[in-house]
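Chain lettering (A, B and C) follows the sequence in which the chains are written, and residue indices restart at 1 in each chain.
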Amino acid sequence: MRDVAVIGVGMNKWGELWEKSLREIFVEAALLALDDAGVDKIDSLYVGSMSSGLFVGQEHLASLLADYLGQAPVPAVRVESACASGGLALRMGFIEVASGMSDIVLVGGVEKMTDVNGHEATYALGTAADQEYECYHGVTFPGLYALIARAHMEKYGTTREQLAMVAVKNHANGSLNPLAQYPFKITVDAVLHSVLVADPLRVLDCSPITDGAAAVVLCPLDLARKLKKPLIKISGSGQATDSIALSSRQDITWIESTHQAAKRAYAMAGKKPEDIQVVEVHDCFTIAEICVIEALGLVEKGKGGRAVEEGLTSLQGKIPVNTSGGLKAKGHPVGATGVAQAIEIIKQLREDAGPRQVKGARVGLTQNMGGSGGSTVVHIFERV
Amino acid sequence: MPTPSRYWREIPQRYRLEAARCLNCGFEAFPPRLVCPRCQSRKFETIVLPGTGKIVSFTIIRVPPHPFVDQAPYAIGIVELDNHIRLTGQIVDCPFEELEIGKRVKIEFRKIYQEGEAGVIYYGYKFVPE
Amino acid sequence: MEGIVGYGAYIPRNRIKVEEIAKVWGADAPSYRRGLLVEEKSVPSPDQDTITMSVEATKNALRRARIDPRLIGAVYVGSESHPYAVKPSGTVLAEAIGATPEVHTADFEFACKAGTEGMFVALSLVKAGQVQYGLAVGADTSQGAPGDALEYTAAAGAAAFLFGREEVVAECLETYSYTTDMPDFWRREYQYYPQHGGRFTGDPAYFKHITGAGKGIMAKAGMKPADFDFVIFHQPNGKFPFRVGEMLGFEKKQIEPGWLVNKLGNTYSGSSPLGLTATLDVAKPGDLILMVSYGSGAGSDAFIFRVTDLIELVRDLAPKTRELLEKNRNYLEYGTYAKFRQKIRKAD
């Protein structure tokens, strides 16, 4: 297995991109990444997208985008793992370079969610849950995470305010990110007074519907050296599955797939949670961030809410989480999220994160999750 | 929402709560499976789930998916039946203020959804206070 | 001897008072209360229908009967509010209780006596030795047109009876049906609400057929009113059962135990069947029960039951009818009631 480096990143501003089609959004981000990498020919393409079929009626996506990127007949694969599609695409690209199969691999993620109305979008997102035994009964994603939140609050005393603080922190970070969908601050009060979606979660506990893409270019570390690029290596990659139905989990307050994926990534990278200096996690809902930092081993089980309240995970804290603004402020074009998380960590390790910079960051981690925890992909990045 | 054949296929589960018990290690699966996730055995017997249990967690859906627009707000819960299998479903006939983790509930046969004025009527289980 | 081996009831928990309906339509509530002798009625939740209530009532009947559902050879659901115009309610019920696939199923319809029709047929099949156990359910979620007199009473409920030959809790001694053709109350296909002939639904309809069936069965059985411990009549409102009882020579105390309509409303195909379940809840071994249903169009089915010792063993195995009537009630105001009963016109 060869060491793999990330030599290019590209991402456009996320939001409701009415004028742009899925193809355009993807190609724009991909070109930015190729330019950043200084390459114009790739050996292989991976595209993460959850539901292009339901959102824009388009399958056969990898071929379409390979062609529109001007790279046909390059081999191209569309990867899907619900909201972890982007992170999983990254893992597949990593494996292809690490195995020696390819040298230059472009990994991109894209989702175009605003061409359908809110109900249809909710339906499409709902396909990440168990159709016959969750969705059939009228469950929604906010509903599933609300079930997790209530159980977490009952078991560990996590408070409604602590959940709100996750959103506030992420917006504070997002306000420093020119590419974020909602680059502005919000207050705890605003969160607590926003409309209820699924008790106890409110609108401002939930990540938005977004159009956007993100792309990275991977190559062997040795080639990165030759090309005189900043040496950012993927030192760990871990993935794990779990039942997609929340009711099948042993403990609904604990995300086992994240714990397992992280264990594998830490082992591969030879790292422990204490070694991680900056993290991007999947805050699809505020409670998710709390559960994830526990499952990653960054804080003790049950203490996630308290950690956020005490500022442990703020930009100035001991272990900054979601410096990009997270899914909440940056946006959540589903398939693109996992790749964008990687881009934020890479920028941090390149010392290119501007006002969001975590000083001296050399080791970062991304955690990208599908559904209510049915899949998780964790990557660890290191500046060599 | 399901199509007629997808709905019909799950009738033993939706109407009668038929589950599967691994003949090798006793693991109980709902819905039934072909392979035991615990011991990899492929032999099961049919069992019927108990009709009572307790609430593990609950929420109130206020922004429903399209088919359920007229029903909102409604309560959804994860209920652990008395044999420790957990199900997700609506909790009905219970004022929202009385919902709490640990509350005893029982299963009732209810309409889940109907496709407008002309489509199929889908039935299944919901939970009511015991 | 053949008879009832298990019985079960189901009543939804929602209620609406006569006052609440009268308020909206500018009617005089006290005179409706007095005239109908009805205070409130049951209202099904939007997720309840004839099928769901039939399933729950049957589960209660099975709790009392304690038989293997696979031995049920006939499943009949009688209603005037079957959820589908074409696709049986009976098959959903049969699947839900595990009686399929070796079972005969049919849906019955005859205004308010669809339930007792199924009972007559199921019982007869058992008597003929054609099936070991027969199930008949009377259930309805019928509607009254907004502002019409029927809106004050049209209610929802279900009663299920399992008939067999062994371990019978109430033997069926006699049956009798009295039928004529008459347009007292009807609903044409594609119409949402029924129409009725006002006072025409009284003497020539309800009273004629119930007295016809009542006299006919007593003559056939060689019995008189005083022989019975209980009598149950179809209950379209609170007054008619007492009046027809008086006409036939019965006393109030024979009628009261099965008289639910003042708090329940008229459950149409469930009306006299629920009166029967309520009566079985309190009857003693050896008691004689007469039940006479009525369905517009028109006809009455009459049954004579004699309670056996086994009633004491099974009575407590499932909820009693008056328990279901009294507990966990949820009172609605008219807006929610109209929303539940889909009386509000929505966008497509």
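Simple rule for what comes next: a residue touches a chain if its C-beta (ideal position, glycine included) is under 8 Å from a C-beta of that chain, and two chains touch if they have at least 3 such contacts.
Just so it is clear, the structure is predicted and the values come from calculations on it, not from any experiment.
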item	value
Chain pair, most C-beta pairs within the contact cut-off	A-B
Most central chain, judged by mean C-alpha position against the global CA mean	B
Rounded Å distance, subunit B centre to subunit C centre (Cα mean)	30
Rounded Å distance between subunit A and subunit C, as computed from the means of their C-alpha atoms	59
Multi-chain contact residues (two or more partners), subunit A	none
Where subunit B touches two or more other chains, by residue	71, 90, 112, 126
Subunit A-facing residues of subunit B, complex	1-2, 6, 10, 31, 56-69, 71, 74, 76-78, 86-90, 101, 112-113, 122, 124, 126
Footprint of subunit C on subunit B - complex, ascending	11, 15-16, 70-71, 90, 92-93, 95, 108-112, 121, 123, 126, 129
Contact set on subunit C toward subunit B in their complex	13, 45-49, 51-52, 55-56, 59, 83-84, 92, 95-96, 98, 328, 330, 339, 346
List of subunit A residues in touch with subunit B within their complex	119-120, 122-123, 126, 130-140, 142-143, 146-151, 154, 195-201, 245-248, 252
